[in-house]
Structure formats: structure tokens, C-alpha cells
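To keep things simple, chains are lettered A, B, C and D as they appear, and every chain counts its residues starting from 1.
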Amino acid sequence: MQKRKIAVVITARPSYSRVKTVLAAIEEHSGLELQLIVAASALLERYGSAVNYIEKDGFTIAAKVFNVLEGENLTAAAKTTGIGILELSTVFDNLKPDIVVTVADRFETMATAIAASYMNIPLAHIQGGEVTGNIDEKVRHAITKLADYHFVASENAKYRVLKLGENPDFVFNTGCPSIDIASEIKKIKILNFNPYQKYGGVGAQPDLENGYLIVMQHPVTTEYQDSRKHIEETLEAIKGLNLPTLWFWPNVDAGADGTSTGIRSFREKNKIKNVHFFKNMEGSDFLVLLNNAIGLIGNSSVGIRECAYLGVPVVNIGSRQNRRDRGGNVTDVAYDKNEISSAIKVILKNGKCTPSSIYGGGKSGNTIADLLATLPLQFHKTISY
Amino acid sequence: MQKRKIAVVITARPSYSRVKTVLAAIEEHSGLELQLIVAASALLERYGSAVNYIEKDGFTIAAKVFNVLEGENLTAAAKTTGIGILELSTVFDNLKPDIVVTVADRFETMATAIAASYMNIPLAHIQGGEVTGNIDEKVRHAITKLADYHFVASENAKYRVLKLGENPDFVFNTGCPSIDIASEIKKIKILNFNPYQKYGGVGAQPDLENGYLIVMQHPVTTEYQDSRKHIEETLEAIKGLNLPTLWFWPNVDAGADGTSTGIRSFREKNKIKNVHFFKNMEGSDFLVLLNNAIGLIGNSSVGIRECAYLGVPVVNIGSRQNRRDRGGNVTDVAYDKNEISSAIKVILKNGKCTPSSIYGGGKSGNTIADLLATLPLQFHKTISY
Amino acid sequence: MQKRKIAVVITARPSYSRVKTVLAAIEEHSGLELQLIVAASALLERYGSAVNYIEKDGFTIAAKVFNVLEGENLTAAAKTTGIGILELSTVFDNLKPDIVVTVADRFETMATAIAASYMNIPLAHIQGGEVTGNIDEKVRHAITKLADYHFVASENAKYRVLKLGENPDFVFNTGCPSIDIASEIKKIKILNFNPYQKYGGVGAQPDLENGYLIVMQHPVTTEYQDSRKHIEETLEAIKGLNLPTLWFWPNVDAGADGTSTGIRSFREKNKIKNVHFFKNMEGSDFLVLLNNAIGLIGNSSVGIRECAYLGVPVVNIGSRQNRRDRGGNVTDVAYDKNEISSAIKVILKNGKCTPSSIYGGGKSGNTIADLLATLPLQFHKTISY
Amino acid sequence: MQKRKIAVVITARPSYSRVKTVLAAIEEHSGLELQLIVAASALLERYGSAVNYIEKDGFTIAAKVFNVLEGENLTAAAKTTGIGILELSTVFDNLKPDIVVTVADRFETMATAIAASYMNIPLAHIQGGEVTGNIDEKVRHAITKLADYHFVASENAKYRVLKLGENPDFVFNTGCPSIDIASEIKKIKILNFNPYQKYGGVGAQPDLENGYLIVMQHPVTTEYQDSRKHIEETLEAIKGLNLPTLWFWPNVDAGADGTSTGIRSFREKNKIKNVHFFKNMEGSDFLVLLNNAIGLIGNSSVGIRECAYLGVPVVNIGSRQNRRDRGGNVTDVAYDKNEISSAIKVILKNGKCTPSSIYGGGKSGNTIADLLATLPLQFHKTISY
């Protein structure tokens, strides 16, 4: 029997980390052939060159698509998506996949969704149905309406995708594949590598023996002009606390330059003694780091998802993760240095949280691969009401 | 007070006909400034050059965007959309509209929706919430999830947009603006122009005094390889009946060439005595023609919408209007010459139908303009559940 | 030793016919691997679907690129080129050719030239150095300045490329590969197939036993608004003569619709008794047709090139072939029905002309393949003065 | 009489500096209307936001075009050009200029040239005919073959454009407009502003009273992988000399990241005491800085052009300005810290050079504006041999 060709489009470093176990499960599945397409910021050095990790992890890349338009405004996000459609439609035309898989809700994932659905290729969407309240949410639900199969990460997400009128036969709570990796990592109870040696980066090299904070704060697209102000509140809070801190640069977005510029400029003007800055890190090393951290500060979805499973305390800043389902490990605060600072102090006192499996229990990759191998191939749908 | 700038993007001839009264109402509104953008097939001769009618009707065009990629496959539809995003984002960047309006559900309207929503410009969608069951439906509901204001055409449509999780404060049953024109035309009880003289076209020139049929059949995108076979069934039925018939060429779509080729080839091989072919016609003339016709044959939404209001009998062929709300004037048939033929014979016997106002009562244009002038400007939304 | 990968980009039917022997020679060469890319109008039905002939001839296609933007204006030509660059750069990125080959001077060949030269891939240009005086000439000489190797078709062309400052080590008069096929065909002294049966087409089916004319007239891009008027002069002349005539539709260009519309409209209004219209024909069949014709009427480069070698008389209309080297077989006339008509009458009287080898002697394909296998790979050049 | 509409496309900071007096002269000319289009890196912060200076200088911008595709490879340069064509053709379609002006030879200027020439808009090229030996040269001469009017900067350049087969009636040695500004600046014999206060930047703030060096080194596109190594040689030389130095970041190019990364990384690892880094500076301030400097180090064309007129000594590194006409002020060296260092020492000893007017005498802007107002509008040309 002929293997089904499954094209997965990876457009950013965090998306790769999230679905790595799905890629591996597709590759190992006897009924499937993986067509891995790497595009957008996943190819760019200033966003962490996910492509290097992908190659290092041994995946074969079927096509690369450069489509990030440079610019400090939202126009660039629109154009990046337009170029993505132009290019991906040619790629799909040549690879002729049986199913296309798109991941999550970044703006440029819409390019994958449109190219596939317009070309009558069945489209699978990983991680629909969640709620955040920004442009990502418009994108996410719009992709749900274009997609034919839905692999969601929680019961709440499933409920929402069904309410959106999707056919229950094609909506599955598979859990989030990012938890698959976390379930392995959870067993590693010490920091088993030296992050400074392994990943370089810039700034101080604080001693990590007695605990450390991790900061990861992305710009929020609907508020992009405020990006710089927002990041400065966090910078002030971290500077004030003077705890050992590992800080990760943001990923690409319309406001990325605001955030990046904010950090760079703050560093030029201030001596920040206890903070080291990383551009990126292999996903598994990052999870080890997280598993052994005092807490995560910022607005990364890792705080909502993996940290729930690992029981790592999180200070979640601002609106980016609004209304996303969360475990007891998350404290929400505003873009305010004092709020941020106070919340961190509470974390320091309380220590680790009780783990939760609201985002799945570690078998997501295999579950999704099995579905991709067996679901009926179809791209014709109608709303259920 | 400064006028709100309202950018309306017209991408096809039927869309223009549908929203003409909205354009006029925006232009006349003291609080609004119209920025009319004409794009895609609306600019092309082989799809009826809507742009000529727009200019003739006295509207000022703020920008023209050529973005139709030529091709006999679905890839071209995807690429047309990608190019549309690239171009429209530049146009919006230069025109700086306060609100962007997109119409209906053709594939390339997605370009308008993505460019506007990604650029944080409030997006109004005319005619969401309807159900048809093909790619148009994916597009339509996806646009609903990107749009901030919804001007729907029927109560059923409103119900669906609300179920999709939209904020009730921004969902309005305005009726369909196409009915505004129909309400004027309805009074014209005779064919007050000579269509052959006014619009040229090719083929026989049957006498229209004792009634005539109108045919308008578009390709269906999810079935595009069957387009030729489908159109041939209709051609056979019409040939067999030998009634005075006015036939309109289809608009652009992935399968357009299948339909067009089918018609052209059929004409080369057969003598079709009683049929005249038109490329296009001004919307108001077309409605007069319709109002005085025995019936409409094909799969045009005009049959569902304007004909309901006018009480014109319709033989609706195939899946294109599936599940769209319809009045008592519509008889649904398969792509089958015998079914088509029988249904037409019933129409001949029964004559005009009882009018229905399920798609509005003739004030849609003004209602929409008033809403555009007064709704709070916002582009931030979240699903209601 | 590793084979050199040679990417050849075919963008139109006539280009394919011209370089078919080059493709075959590359494929058969032990030191070369052919990467055939089919793009632009070569993929489209309304321009003769060159892609079908390519596949039928047994060539493997490495990538297809749809990039023709639809439109009745010159903007579309520019946009088609822009999209071509976007797409071809991705294709080159994935195929990693050692040399890229571009053919002749159609506007969209510039996309190949720019993508390759900007990506530091050595670029070979077939058929530079000729003179015609329209936009093609701007394109042709600009490509010469981007190209690293020049395979020209005549001594005059070589002289010009050298005067343009190119390095003599990389300029070769290989003759025109189209002559390779003509040299085989020349031996076929009778019409050995029935063109009506084999190629369909529309119109009358004149008896070809006692000779026939062939018409092939393309729009001229710098005069595109006049295309319709120009074609009408030819139509009038041909109608007046009432000789058995085989007419070929034009290929894609900004004014294509003017020419096509002109022909279609003329046919609707006039009875043209002795003329049959073809959309396209396999190159070799066309040459057999030509070799046995009374003469060729129009502005095709076939008249200048293959007809010189075959000794077929040509009435060359208008400016399209201006200043291109020509043999004694060509009579130049204006867009004027009387001039056209008179020139045809002279041809009828005089019969076949003396053959000339100004465009090569039939070994071009192999010569070019050998050069591609042995020339030093380099993309760095500077003007010679 | 109606004013001629002159569209000038500015795609980079140095191009703006170069043609600023042309823009002013067009704006002031009674027979001309300026349509200023700002595109590509001229809009981006990380390349110095030329757009801000343009606006500050009081020019009205008719359209902005974001078209820089992000990437660390040459593919991005090709794609940027493709997107530029797509976008500029729409802009030209809407602005309907009588003449389009393109400047110099950066890769993306080809987009302007192709869009204009394909749309039959007369194209003027400023600064053709020069020789450098890299990809810029391919671009420059290709643009010459697309352009209708040539405004060259030296007698040698004029000679070459004529040899390229251009019509002598349309080739003018106008001198380089950059010299117009230099001729004003030359009178300012002291550094009349504090560059640290006015332009920020990072690094040490060396005392400038007793002379200073200026460094400006761009990546060379055909050698882009070596960019980092090349810049390090210069960094080592400058570090070794320990003279007051003002260093300017490079502009965008395929290798920009190599150069930028090289500088950034060197700074992280080394204490460079006497060097200050600027992102950019207003053209006139930069010239004042230059006029009062000990010398210019790097590969900027300013060293060849303005410095000749000003008599400022230049150490020109590597191949970027190869074969460009130069005055006696230039010393050419390899990418070698020792050669660079020695050449700077010679400069220190010898002081200012004798000025030369090989690139014009200061009236270029007005000369060009007058030509634009009076040259016959035409886009049809043929090679002169």
C-alpha cells in the first residue's frame, strides 16, 4: 500500500519545539511519509535558526521557503503571509501531499492553511480552539474554519472547535505534543549541561547553583507600538530583584524590533549584573533548564503548557495568554514592574507547584500520526448548524 | 469632524452588483469618505470588466490592483490570493482607511480580510453566515472569524454568525443590498431595452416578446474537473427545449475554463437556434431582464436572492447554492439534462411565484452606511465562549 | 565525476520548439544532468500548452512554475516577471543547478536571468545579440549584460555581443538550435499528416493539395493598443486572396487579447471560406507544414530563421522582426492589406527561394551541450572596456 | 502647460544622499512635478531609516513600498527584486508618471527599471557606465540596456554607455549630483556639530579635536561568505592604530549580516577604546565630518567620488570599487590588516590631497532636472550597431 504523504510546515522555532514528537512519529509510522517544509522565521538567524536544530535532529527537509518580509510594521506581517501563499502553493503543487499539517496560530500559518485548502488538499490543524484575545485568536479560529481535521490540546479547546460548527468526527483532543517531550524531561532533576558553554549568548554569567529565573517575553501584535514600554517594565523588575536570570530573545513578529530594541537599549544604558541573554536553545535543553528553574517570567505559552505539566511556577505578564486554560502554576500580572516584582517574590517563597495534565499526558505525537494514517481523506465540509 | 475613510474592495462583477447601493450610500453619507478599490477579475475583460460599469456609474476609484494569476488549476486561486495580500497591504498602507469592507465569499476576498485584519484595521464583512457547502463556505466562515463587524443578509445567517462566537453588538441583519436595487426594478414590468443592440454578444437573436429563459451557470470550485460535463447537461437541456434563451458567461474561478470551453465547444459542434450569449450586462438591466423572464436556470445566487424578492421562478442546478436559505421560487435539480428539462416545463406551466423578503426589504445600503459611520472603531475581539 | 546540473527554464511554446535539440543533447550528454523547469505561458492551455508536448516528447520536468498574471495591460507583463523571480529563486534554491540556461528575449525570461545572476549561479543565454527594435530588444541586451555565457545564432549577433563588452572567451556562434530540427525536416517533401484530423482547430478545411499559405502574427508589445487594427489588415488581405490558408493563434503578450479578439470578432462578422485556425501544433509537424507551404505570412521569427534554411518565402509584416538578419526569402511589408496582398502574389509567382545557413547548419544542440559540460563555472565578470 | 510627472524611486540611504539635489531641483522646476517613491531598505530602521531624513528634508512621499525579504542568502536579494517589481508596477499604474528615474546599481534598482520599461514608461538612469567588477556591474549595465536616458557622472562612464550601443542623443555627462552637496560643504572647514550628541550611536567617544578617521565598509555581494573575515581585518587594523575613529554600519546586502555580525562579535570580545559606532547620519553632516577628517577607510563610493572633490585621502579596501575612476586621493589595499594599517600611516603623514572634478563640478541636480523637463518622451530604442 502506498504511504500517505504528510506535509508539515514549520514556520518558527517554538512551533518546531511543539510538534517535534509529531514529526518523529510521522517519520516512524509505516503508513506515512513525512514531507517537512521549513519556512519563514524558522530559517532566519535572528530568530534562532530552527532549521539548524531540525537538521541536527536528523529530519530531512523537503523544501525551504524564505518569505519573511522585513519591516517594523504590521504591513510586513500581511506581506509575509501573501508571499507564503505564493511560494507554498508551488511547493504543494510539486510535492503533492495527501494531507497538509499546520501548527498553532502564528500569523504566517495562515499561508499554509490557505494554500492547502484552496488547492483542495485536506488540512489538519494542531492546537485550534484556544482563546487568547489578540490577532493570534483571529488567525487561530479562521484556520479552524479552513481546516478539515482538528487535533486540539485540551477539553476546553475541543468544546470550542465543536461550537464553531466543525464535524465531531474530525475533532480530537490529542493533548499537546509539547507535553510528550516534557514527560521525558521531567525525570531530569538537575541542570545537566552548562548553558553558557553550550549556547554562548551575551551578558553576565550568574551562578545557577542556587536557583535562577527564566525570562521569555514576546511582543503582542495588537499592541506592537507598546512593545518597548512593556519590555522595559520587565527589565526594571528583573534589574531590581538582582537574581540569577536567563533571558531569551523574542521570536519574530510585527513588534519584534520594539522588544529587541528595548532590550538592547536597556543593556547599553544599564549595568544588569545578574542576567545572561540567549538567542535560542534546543527545546530539550530548554525544558531541562525550565524543570530546574525557580520560575518562568514573561508571556510564553510554555508557561501555560509545559510548566503546568512540570509544576514550574509562572509569572505571566500582560494579555498574550489571556483566557488560555491554565493550571495552578500561573500568576497573572500587568505590564508593571511592581506587580511583576511582587509576583516573583511570592514564587521564591512557595517553590514548585502541583503538576497538571490539562494539556495532555505525553502520547500526543503517536496519536496524531495514527489519525493522519487512518482518517478518511476529504476536504469538503459544511458548518454543522 | 473628520470623515471616516471606508475602503471597499470589489473583486468581481457580481460583488459590485450586490453592493452598489452600499457604495452609493457611503458616498452620500456626510460622515463617510469612500475609498473604492477595484481588484482581481473586476478589472478583466474576460470576466465582464466590472471596472467599466463602476466608472460609468460615476464612482471614483482610489486604486486598482491586478492580481489574477492565470492557470487552469486551483494553485492559481491560492496564488491570486497571495498576490492580493501583497498588493492590498501596500494600498491600505497608503490610503490609511478607518474601516475596510469585504464582500461575500469569493476566494480572493480572503486577501482583503487578511491584509486588513493583520494591519489592525477594523474589518466589516457583508454577507457572512450563509451556508453552501463548498470552498466558498470555508472562506466565508474564516472571514467571519477575521472580521470585526458583520452585516448579514438573513435571520438564519445572523444566527450562524452568533453561533460562531461573534459579539452580538457587532452582528446586524441588514438584509442584502442587492435587494435595494431589485425593489426599484420590480416596478418595471416590461423589457424596456433591446439587449442585443445594447450588449452585443453572439449567437441567435430569439424573439423575446413571448417570454424567454435566462441561464447563468458558474463552475463549482470543489468539482472543477467536472465543470465541462456539468455545463453540457444544461446545454443539452436548453437545446432540447428550443425556447428563446439568454445565456450569460460564467465569472472567474479555478474551473472557469472548463465551463467556458464546454460552452464554446458545444456551440462549434451544435446549431443552437434559439440561444443568445452575453458576456455581461449592467446590473439594473439584468434585473429588468430577470423581472420579465419566464425563469432563471443555473446556479447563480441571484436566483436565491433577487428572484425570491421578485418572485421569478428558478431552476437551481447542482450543489453551488446548497443549504442557502431560499424562498418558494426555487426548484432544485441535479446536473442532469432530464431533470433540468422537466423542471423548466413545470415553470412554464406555473408562471410567477409569490415574492418573499427573506433577504431584505430594500434599505440595506443606507443601513450599512449608517453603521459604518457610528460603530466604535475596534479590531480587538475574542470568541464569546 | 559528478554530472553538472543544467537548469533550463522554458516559458513559452516557441522557446520550447527552438531549444528542443538542446534539451535532448543535454539529456544524452554523459557529463550533464538536465533540470527542466516549465513556467509561464508554457503551462497554459490558451497559449498552446507546451507542457503537454514536453511531456509527450519524454522530458522529465523538475518543477512547474505558474506565474502569468492575467491582464490586458503592460502591468501584467511586469508583474509576471516579478512573480517569476520570487518563484524561480525558490526553485533554484532547492535544485541547486550548476548553470542556468535562459532562452531568447521574451519579457519573462528576465525573471530567469535575474534569479540566477543574483544567486551567483552561472547564467547561459541562448540567442542574444539580435536586433529587433522593440521591448524584446531591451530585454535581450539586458540579459546579455547579466549572462556569463552567450550562445548566439549568427555572426552578426556575435559581433554585437562582443561590442556590448562581453568576454570573447565566453561568446560562441553555435547557430540556432531551431535549425537542427529544420535540417531533418527539410528532407520531408510532402505533407505527411492530415493537420485537421491531428490538431482539430476551427473554421473551414481548405484542400491543401495545390499549395497553401501559413499565417502566424503576434502582437507587438510596444504597439499593443494597435494589435487589433494590425491583425485586421492581415485578415482583410487573406480574405481577399481566398487561398487555402492555415492560421495559427498568437502566443501570450501584453496585447495578446487585442490580436485574439480581433481574429475572433472578424470571424463572427465575416465568412472566411478558405481559412482554418489552429491553436498550436507540434514543432516538427509545423516545420513539415512550412516546408511544403507556398509561404509564411505574419511576423514570426520562424520566417526569419527556419524559413531561411528551408528556402520558404516569407511576407514579414510590421516591425517585430526589424533589423534581424534575414536571408533572401523575406519580403518586408507594412501593416497594410494592399501591401500584404501584393507581396503574397509575388510569392505565388516566384516559388521557393535559395536556402541560406546564416542561422546555423544543424548541430547547435550538441555544440551547446558540449560547451555547458566544459566551460569553466564562473559568475564574476566585468565589461571589456 | 501640464507639468511632467517624474517618479524617482529611492531604495537606500546612500542613494538618497546621492540624488538629494536632483530631488530638490525637480521639485523647484516649474515644468516638473516630483513623485517620490521610497522603498526597500530606505524604509527600514536597521539600515538607517532614510525615510526619516527624506521627510525631515521636507519632501512629500507619494508612495512607500516595503519589499525587503529577510534572509542571510542571495535568494533574498532576488526575491526582494521580484516583490519590488510586483509592487512598483501597481504604484506606477496609479501614479502614471511621465518618466521614472532609477539611481545607480544596487540590486533592487533593477525592480524599478523592469517595472518602468515593461510598462512603456520612459526610464532615466543616473550613474550608469561605471565599472566595479561585481554583481553591481551586471545590474548597472543591464539597467543601461533598459533605460532610455542616461545621466552619467564622468567622461569614462559616458564613453562606456555609448559603447554599449546607446543613442548619443540621450547620453549626458551631468556629473554626479552628490558633488553638488560636496561643493557647499567644502566651505565648512571645521566640525560644526557634536556627532555624539546629535546621532547617539554606541562605543567610546574619542576626542575629535586633533583629527579622526572615518570607517565605512560594506559587504561585497559576490564574496558574501567572506564578509565577516574581511571586516575583521579592518577591525584589527583600526584597533592596532588606536586613533580616534568614527565607524558607520554597513547598508543592506546579501552579506550584511556577515559584516554586522563580525563587528558586533568583535566588539563583544575586544575593548576597542578609541572607536565610536554610528548607524547613520544626515548626508550633509556626514560630508562635514568627512571634509574635516584625516581620511576615509573602507570601500564606500564616497571615497571615490565626494572625497576626490574634497581632497580627502582614502584607503580603499578590496574589490568593491575596482576599476571605478578615481582621483589621486585613493590608495588601494587588500583585505589585510597590515596593508590597511600601513596605508593609514602614509595618510597621516601626507595630509589632504589635491581636489579633482572627475565626478562633476556641483550643478548636477539642475542639469538633470532641465533634461527631464525637455527631453522628448520616448521608450522605443534600438542598439546603435
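Everything that follows uses one rule, which is that a residue touches a chain if its C-beta (ideal position, glycine included) is under 8 Å from a C-beta of that chain, and two chains touch if they have at least 3 such contacts.
Worth saying up front: this structure is predicted, and the values here are computed from it rather than measured.
**Student:** Touching both chain C and chain D, which chains are there?
**Tutor:** Both-contact set = A, B.
**Student:** Tell me which has more C-beta contacts between its two chains, A-D or A-C.
**Tutor:** A-D
**Student:** How many angstrom between the C-alpha centroids of chain C and chain A?
**Tutor:** 51
**Student:** Whole-Å distance, chain A centre to chain D centre, using C-alpha means?
**Tutor:** From the centre of chain A to the centre of chain D is 41 Å.
**Student:** Any chance you could list the residues of chain A touching two or more other chains?
**Tutor:** Touching at least two other chains: 66, 73, 75, 79, 83, 86, 90, 93.
**Student:** Can you check the complex and tell me which residues of chain D touch chain A?
**Tutor:** Contact set of chain D toward chain A: 43-46, 66-73, 75-76, 79, 83, 202, 257, 268.
**Student:** Can you list the chain B residues touching chain D in their complex?
**Tutor:** Chain B reaches chain D through residues 63-66, 83, 86-87, 90-91, 93-94.
**Student:** Given the complex with chain D, which residues does chain C contribute to the contact?
**Tutor:** Where chain C meets chain D, its residues are 73-75, 77-79, 81-86, 88-90, 92-93, 107, 110-111, 114-115, 117-120, 131-135, 137-139, 141-146, 159-160, 163-165, 222, 322-323, 379-383, 385.
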